[in-house]
Amino acid sequence: MGKKVLALITVLTFFATALVGCGQQTPADKQEQEEVVKIGSALSMSGLLGPMGVKMTDAVKLAVEEINAAGGINGKQVELFIEDDATDPAQCLNAVKKLVEVNGVQLLITGMSSGAASAIGPYLSERGVLAISPSATSPALTGQPWRDYFFRTAPSDEYQGKVMAQLALDRGLKRIVVFTMDNVYGVSLGQVAEAALKEGGAEILAFIKYDPAKMDYRTELTQIKSLNPDGVIHVGYNDDGVVVYQQALDLGLDTIQWIGCDGVYGTGLFKTEASATFMANAVIGTRPGAPEGEDAYENFVAAFRAKYNEDPEVFCDTVYDAVKLIALAANHAGSEDPAKVRDALLEVGQNYQGASGTITFDEGGDRLGGIYEIWEVVKEDGEFKFKRVDMITLN
Amino acid sequence: MPLFEAKNICAGYGDVMIVNDVSLSVSNGDLVAIVGPNGSGKSTLLKSLLGLAHLFSGQVLYRERDITRIAPWQAVEVGLGYVPQVNNVFTNLTVNENLEMGAYHRHDKAGIRSDLEEMYQRFPELAARKKARAETLSGGERQLLAIARAMMARPRLLLLDEPLAFLSPKASEVVLNRLLQIQAEGTSLLLVEQNTIKALQNASYGYILNEGRCVMEGKGPQLLADGSLRERFLGLGKEV
Amino acid sequence: MAILVVNGISKSFGGLQVLNQASLEVAEGTITGLVGPNGSGKTTLLHTIFGLIKPDAGTVSFRNQLITGLKPHQIYEVGLAFSFQLPRLFFQLTVLDNLLLAARNHIGTSFASALFLRRRWRRQETELAQKAMQILELLGLVHLALHPAGELSGGQRKLLEIGRALMADPVMILLDEPAAGVNPVLGRRIYQKLYTLREQGLSFLIIEHKLDILLDFADYIYMMDAGRVVLSGTPKEVIENPVFYATYVGETQNAAFRS
Amino acid sequence: MFDIGQILVNSVVTSSLYLLAGTGLTLTYGLSRFPNFAYAEFITLGAFCGLFFLAKPDGVFFLALIVAFLVAGFVSASSYTLVFRPLVERKTSLIHLMVASIALGYVLRHSMGESWGWSAQAYQIMWPVYNIGNVRITGLWIILIATAVLTAVALHFFLTRTRAGKAIRAIASNPDLASVTGINRQKVVLLTWFFGAGLAGVAGVFRAADTRLFPMLGWDILLPIFAVTILGGIGSFYGLIIAALLLGLAENFGVVLLSGLGLSTEYRMAIAFLILIGVLIIRPKGLAR
Amino acid sequence: MDLMIYVLDTLVFMGIFALLSLSLNVEYGFTGLGNFGKVAFFMAGAYTYAITSSFGWPFYLCLILAGLVASVLGALVSLPALRLREDYLAIVTLSFGEILRIFVKAEQWLAGGVWGIAVPSAFANMDFTPRMQTWASVVLVWVILIAVFVFLYLLMNSPYGRVLRGIREDDVAVQVLGKSYVLYKVQALMVGSAIAGVAGGLFAQYIRFIDPYMFLPLVTFTVWVMLILGGPANPWGAVVGAVIVEFFNRGSRILKDHLALPFDPHNVQYALFGLLIIFLLLYRPHGLFREKPLKTGAEAEVAKWQSSS
C-alpha cells in the first residue's frame, strides 16, 4: 500500500510542479512573451462535433502558418495554442480559461457551437478577451450583452434561412418538408426557412428533426417520401449529411428537389459515391459567397489540399478567415491588445474577401449576410464538384 | 489396492471447517455409503473430494495417483462421476442433450452413440422423453437422468449426493435398483445418503459421520446391527 | 396459551411440495423444538412464519393477530425475532455494529432524528452498547467487539447471528439451528441463556439437530417429515416414539407424502 | 399517409443489426453474468478493421467481415483473459465488474481514437438498389438481413447440434453442474467471448457501411442493444430474435407516431429505453422466459 | 493573464465534482445502490436552477429547489430501482439519464431545448471583478461542500448510517432486524439525488449557461472514477478522488504545452484513466481510503468494558 500511495504522490507532485511552473513567469519568459503573439484555438476535437473540429483546427494551423510566413503580426511571430472542448460547452469554458489565464492568450478562435459560445461569452466580456467563432450561427447570439468581445465569421442563420426559402420559392416549390438535424444550427435555420416559406405562400408538410448521432434515418426519409413533397429543405453537417444522402438515394428520394445549406457544402459529402451521386441528382444549396472573380476560396482549398492532402470541409473556410482577420486587425491596429483589435476588426471587417465569401461585420460583431452563392454538384470527368449556379444578394 | 482413497480430509466453506479429519477408501466394485444426521458434513465431504468445497488439508488418491485439488472438470477425465443432490440436470437442455453433455470429454462418436442407446435401454423412462426439456421431468426422472448423465462419462467411480432424497418410495426403489445394477456391472459407488437403513443394507462398507467426524465405520449390514448405532447416529451420547 | 399458531401452511417450489399443510403451536413461555430430517421443510416453515417466504396456503398468527403476508420488518415490529441458519452478517461492519443494528426502537435509525435528536440517540446508543457487550460476554466475543464481522470464524459468526436475535428484545425468537457449528460446551451455554430468557417469559421456536442439547432444554418438540408435522409431544414422548428414529434414518411410511 | 411496406423493410434492417450485435452480448452476459459496457468498442473495432479493405471502392466486403470478426473476437477474448477473468476470480462485485467494463471501454475507444482519429470516415462501396413494388432495398440491406438470418440459423444449429454449442447452453443453465460434468468452463466461456464479439465486429462493419465510421460508432447503439438483450431475456438467443424484431418495429413505427404527434423524432431513442424500463418492471426476466 | 483565476476555477470544479462524488457515495458507497444515471440528477438540478432563477428568485431558493426537484426524481427512479438486480438498475438509471436529456433537448419551451439556457450567476447583482466573482463561487461551493460533508459525516456515523451500511451488506438481514430496506433505499436515493441537484445548481450558476450537451453519460462515469479511486464509503475518499481526477484533467491539459508529445494527450489521458481504474479494481478495490468504522459513541463503551473485564 505504501508504495502505491507514494507513486501516486509522485505523479501528483509532477503535475503540481507543471501547474506552478507555468504560473511563475520568469523575466526571460516575459521577454519571450513580448516577442510572440499568442493565438488560442479551442474547438471540438472529440465528441459529437469532433470530426468537424479536427479539420477546422487544421485550417487554423494553416492560417497561422501563412501569417507567420508573411511576417507575422506586427513583426512578431504567432504562437498557436490548441485546446479541445470535447463538444461540451462547459469544457469549452474550461479550455478558454486555461488558454487565457495560464497561457496568457488574448486572441481566440473558439465557441464552435452556439452553446459553447453562450458559455464562454460572459467570461470573455468580463476579461476583455477577444474571440471569433467560426461556426456558431444561432440568431439567439445576436445582441447578447456580452457581444462586445465576440465576433463570428459564420453568418447568423437568420440570413441563410431566408436565402434557402427564397431559393425554394424561386424554383416554384410549393409543398415542402423541412428536414433538419436536432441541434441549434439545424433547428434555427429550419425555423427561419419555415417562416419565410410560409410567408412566401408555400405549404410546410412537415418539420422533421433528426438525431445527428442516430445515423439511421430511413424511416424519417420514408416518411418524407410518402408525403410526396415538391422539395426538401435540409439542414445538416457533412458528417450526418453523407449518411442522409446515402440513405435517401437508397430510398429513391433523388426525384425530389433538395435544398441544402453551407453545412452540407464540402467534399466530406463525397466520401461515399452514393452520397455524391445523390447530391448531383437532387441537391442544390446555399452558402455565403463572394462576388464573381474572387478566388479566395479556391486558393484556400488549394493551400489546404497541399498541406493536408485532403479537402477542407464545412466551416474550415470561416475558421481560416477568422484567423486571417485577427491578424489583419492586429496589424491594422498596430497592437495585440484585444480592445484595439476589436475596434480594428470592425474597420477591416468590411467587405473583406475571405475564403468563405465577403465578410462584413455589423456593430454587434455578427457577419452580415450580404452575398450568397447558390451551388450545385456536378460530375465532371468522373469527379464530383461543387459548382456555382447563381448569386443572391440579400438586403 | 483401493480404487479411491481420501486421507485425513478437513474441508468446509470459506474459512468454516465442517469436515474434520475423515478418511475413507473405496475398492473396486464396492458400494460405499456415508450416512449421518443433518449437518454432519456428509455432502461437504463429497464435494471437497471433487474440489467443489474448500479442502483445508488431506489427500485424495485415485488408483494411488494424487488428484487432490484438481479442477472439477478434470475429475471427470480421471474417471470420477458426480451426481449432485439438487440442480442436477441442465433444465434448459433436452434429455438427450443432457446425456450428451455427460460424454463431453469423450471423442469416440460411435461409442457415445452406443452408450446413449444403452442408457435408454437401461432407463426406459428417459427414452420416452428424449426430446423433452429436462425442466419438465419429475423429481425421480431427474434423478435417473442425472445418474445416466454421469454414467455417460464411463466413470470407474460414481459419487452420489443423496440420490434418494425427495423421492417417493416407489421412485426411490427404482433409483436404488438402478444403482445396484450399475454396481453389479462393475462401477464402484460412493454414496451419501439420508436414508440410512436402505443405504447401509446395500452397502459393502459404511461410514457414519456426526459433527464432521467419522464416529463409526464397518461393513454395512453389520453397522446396522450395531446396538450403539441409534445413539451415535442421533448424537444423543450418554444422556439418553 | 399459544403465542404462535401456525395453521395448515403449504408451499411448493416449482412443483416440489416443500410444505404440506404444516401446523403447529408454540405455547407462551416455552422452548419449542422443531426436528426432522434434511429437506423435511423445517427451515422453509420458519422462513414462512417470518414473512421471508409467502405461503401458498395457510395462516400464521402471533398473539391472536394474523401475521401472514406481512413483511419481515413488520413481523419484527409485532415482537418476533429471527436468526438464520447460515449467518447473514454485515461482514464489513464491526461485531458491535452488527448487534446494534438489531436493536428495537432505536431513535437514531430514522433520518430526521439521526440528525436532530443527536443527544437522545447517543444516550440510547450508550445503553444499547452496554447491552450488546453483555450479549458479547455471553458469546465470548468481547475481545472482538470492534473487529469487522468478516474476521470472525464460522462458529463465532453463528454466535453473532444468534446474538442479534437476542439483541432485538423480542417476545418470541425463531432460531434455526443455534448450536450448529458451535462447540458443544458453548452450545449448551447458549441454551442455558435461552432458558433464562424463557424463565423471564420469552418464547422460542428452535430448529435443532443437536438432539442431546435440545432434549434437555425443550418443553415441547415437533417433528417434521416431508413438509408436514408427523410427531409432537414432550421430549420424552417424542424420543421414545419409534416413528422418531424411523423418520431420522429415512425409514418411514410418511415418505408416501413425498411428491 | 405512410408507406407501411418500406417502414417494415426499414424495421427489419434495424432489427438485423440489433440481432447481429446483440447475439454476442446475450451469450456472454448469460455466461459471465455481468453486462459488458466495453461491448460497444468491439463493434467499433470491427468497423475500423473493415476500413483496411473498404477504404477503396474495389474492396472485398466479405474479407472485411471475416477480418472484423477475427480481430474483434481476439480483442474481446484477450480482454476477458486479462481483465474480467482475474476480476471474477477475485470475486469482484457486479458493480465493480460494470465499472471495469466501462474503464476498458475508455481504453479501447481512446486507443482507437488515437489510431484512426476522431474524424468520420466512410467505406467506399456503392451498393445496387432494387425496387420491389413500392419498396426499395439495397444490396447492403440484403446482405445484412441475409447475414443476420444465416447467423441466426447457424447459431440455432450450433447451439442445438454441436458439442461446444450445447456446452454453452449447459453452462448458462447450470454452471456448477457443467463443471462436474467435465466441461472446461473457462475454455467455453473464452470461446463465447471470442465468438460473440466477433459477431459484434461484423455488425460494426455493417453499421459503418450503412452510415459512417468513427470511434463513437458502437457507443451510439449500445443502449438499444442492451435493451434488446434484456428484453429478450439475458442469455436467451430466441428471446433476442423476438426482441430485436420488436424494437426495430417500435423504433421505426415510433418515428411515424412521434412526428404524427408533433414530437421530436429524437424520442425514438427514448422509445427503446421506455420499453426496456417497462419490461424490467413488469417482467424482469425478459420476454422469452 | 491571471493564474489565480484558473486555480480558483479549478477549485470550483473540484468542489462541484466532490459534491457529485459524495452523492454517489451515499448511494453506492454506503447503501450499495449502483446509480449509473448520476448525470440525470445533476442535470435536473442545473435546469431547475436555470428555470427558477429566470423568475428572478434569489439564488439560495433556486439552489434549494434544485436539490428538491432532483430528490423527487430520485424518489421516482427508486420505485423501479428497488425491484431490480444491480445490473438492471445500472442500465435503467443510465437509460433514465438519456431519456431526461432527450426530453430537455426536444422540449424547447421548457428551457431552450438545443439552444440551451442562460443562467444568472448567484452574484449577478454584485459589482464583482472576474477574480472576485470566481472567489465568491469558490467560497459558495466549498461552504456547501463542507456543509454537505459534515451533514453526511454526521448522518453516516449514526444509527441511520449503520442501517444503510447494513443494507449494502445484506438487505434481507436488515429487514429481518426490523428495518424496511425499501424506505431506506428510497431515502438514500433522495439524499444522493438532492446533493447532485445542488451540485447541478452550483454548476449552472457558475457556468452561466447550460445546454443538453453538457450532460452526457460521460459525466456519470467520471464521478464513478472519482469514487472508485478515492475509496467508496469513505467521505474523504470521495472528495480526494474528485480532487485528484480534476487535477489530473487540468494538469494534463497544461502539461502538454510543455512536452512535445507524439500522441494526443486527450486520448491518452482517458485511456490512462481506464487503465488506472482496471488496476485499482484488480489490486486495490477499496480505493485510496478504506471505509472507517462507525463513530456513534457506542465504540467508547467497548473500551470501558474491555478494560474492566
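Letters A, B, C, D and E name the chains as they come in the text, with residue numbers starting at 1 for each one.
Everything that follows uses one rule, which is that a residue touches a chain if its C-beta (ideal position, glycine included) is under 8 Å from a C-beta of that chain, and two chains touch if they have at least 3 such contacts.
Given the structure is predicted, the values throughout are model-derived calculations rather than measurements.
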>> Following contacts chain by chain, what is the lowest number of steps it takes to reach subunit D starting at subunit C?
In response: 2
> When D-E is set beside B-D, which has more C-beta pairs in contact?
Replying inline: D-E
>> So, comparing C-alpha centroids, which chain is the farthest one from subunit C?
In response: A
>> Measuring between Cα centroids, which chain is at the maximum distance from subunit E?
In response: B
> What is the distance, in whole Å, between the centres of subunit A and subunit D, each centre taken as the mean of its C-alpha atoms?
Replying inline: 35
>> Just the number, please: Cα centre separation of subunit C and subunit E in whole Å.
In response: 41
> Taking each chain's centre as the mean position of its Cα atoms, how many Å separate subunit B from subunit C?
Replying inline: 32
> For subunit C, which residues are shared contacts with two or more other chains?
Replying inline: none
> Do you know which subunit D residues sit against two or more other chains?
Replying inline: 113, 264, 266, 269
>> Quick check: what residues of subunit E touch more than one other chain, meaning two or more?
In response: 105-106, 264, 266-267
> Name the touching chain pairs, please: which are they?
Replying inline: A-D, A-E, B-C, B-D, C-E, D-E
> Contact residues on subunit D for subunit E in the complex?
Replying inline: 34-35, 83, 86-87, 90, 92-96, 98-100, 102-111, 113-114, 223, 226-227, 230, 263-264, 266-267, 269-270, 273-274, 276-277, 280-281, 284
>> If we count contacts the way the header does, which residues on subunit C are in touch with subunit B in the complex?
In response: 15-16, 37-39, 153-155, 157, 177, 180-181, 209-212, 215-216, 239, 245, 248-251, 255-256, 258-259
>> If we count contacts the way the header does, which residues on subunit E are in touch with subunit A in the complex?
In response: 1-6, 9, 13, 105-106, 108, 113-116, 118, 129-130, 133, 203, 207-211, 213-214, 216, 244, 247-248, 250-255, 257-258, 264, 266-267, 283-284, 288
> Of all residues in subunit D, which touch subunit A in the complex?
Replying inline: 1-3, 6-7, 10-11, 13-14, 57, 113, 117-127, 129, 131, 136-138, 141, 207, 210-212, 214, 216, 220, 251-253, 255-256, 259, 264-266, 268-269
> Residues of subunit E touching subunit C in their complex?
Replying inline: 151, 154-155, 158-163, 165-166, 168-170, 172-181, 187, 191, 291, 293-294, 296-302, 305-306, 309
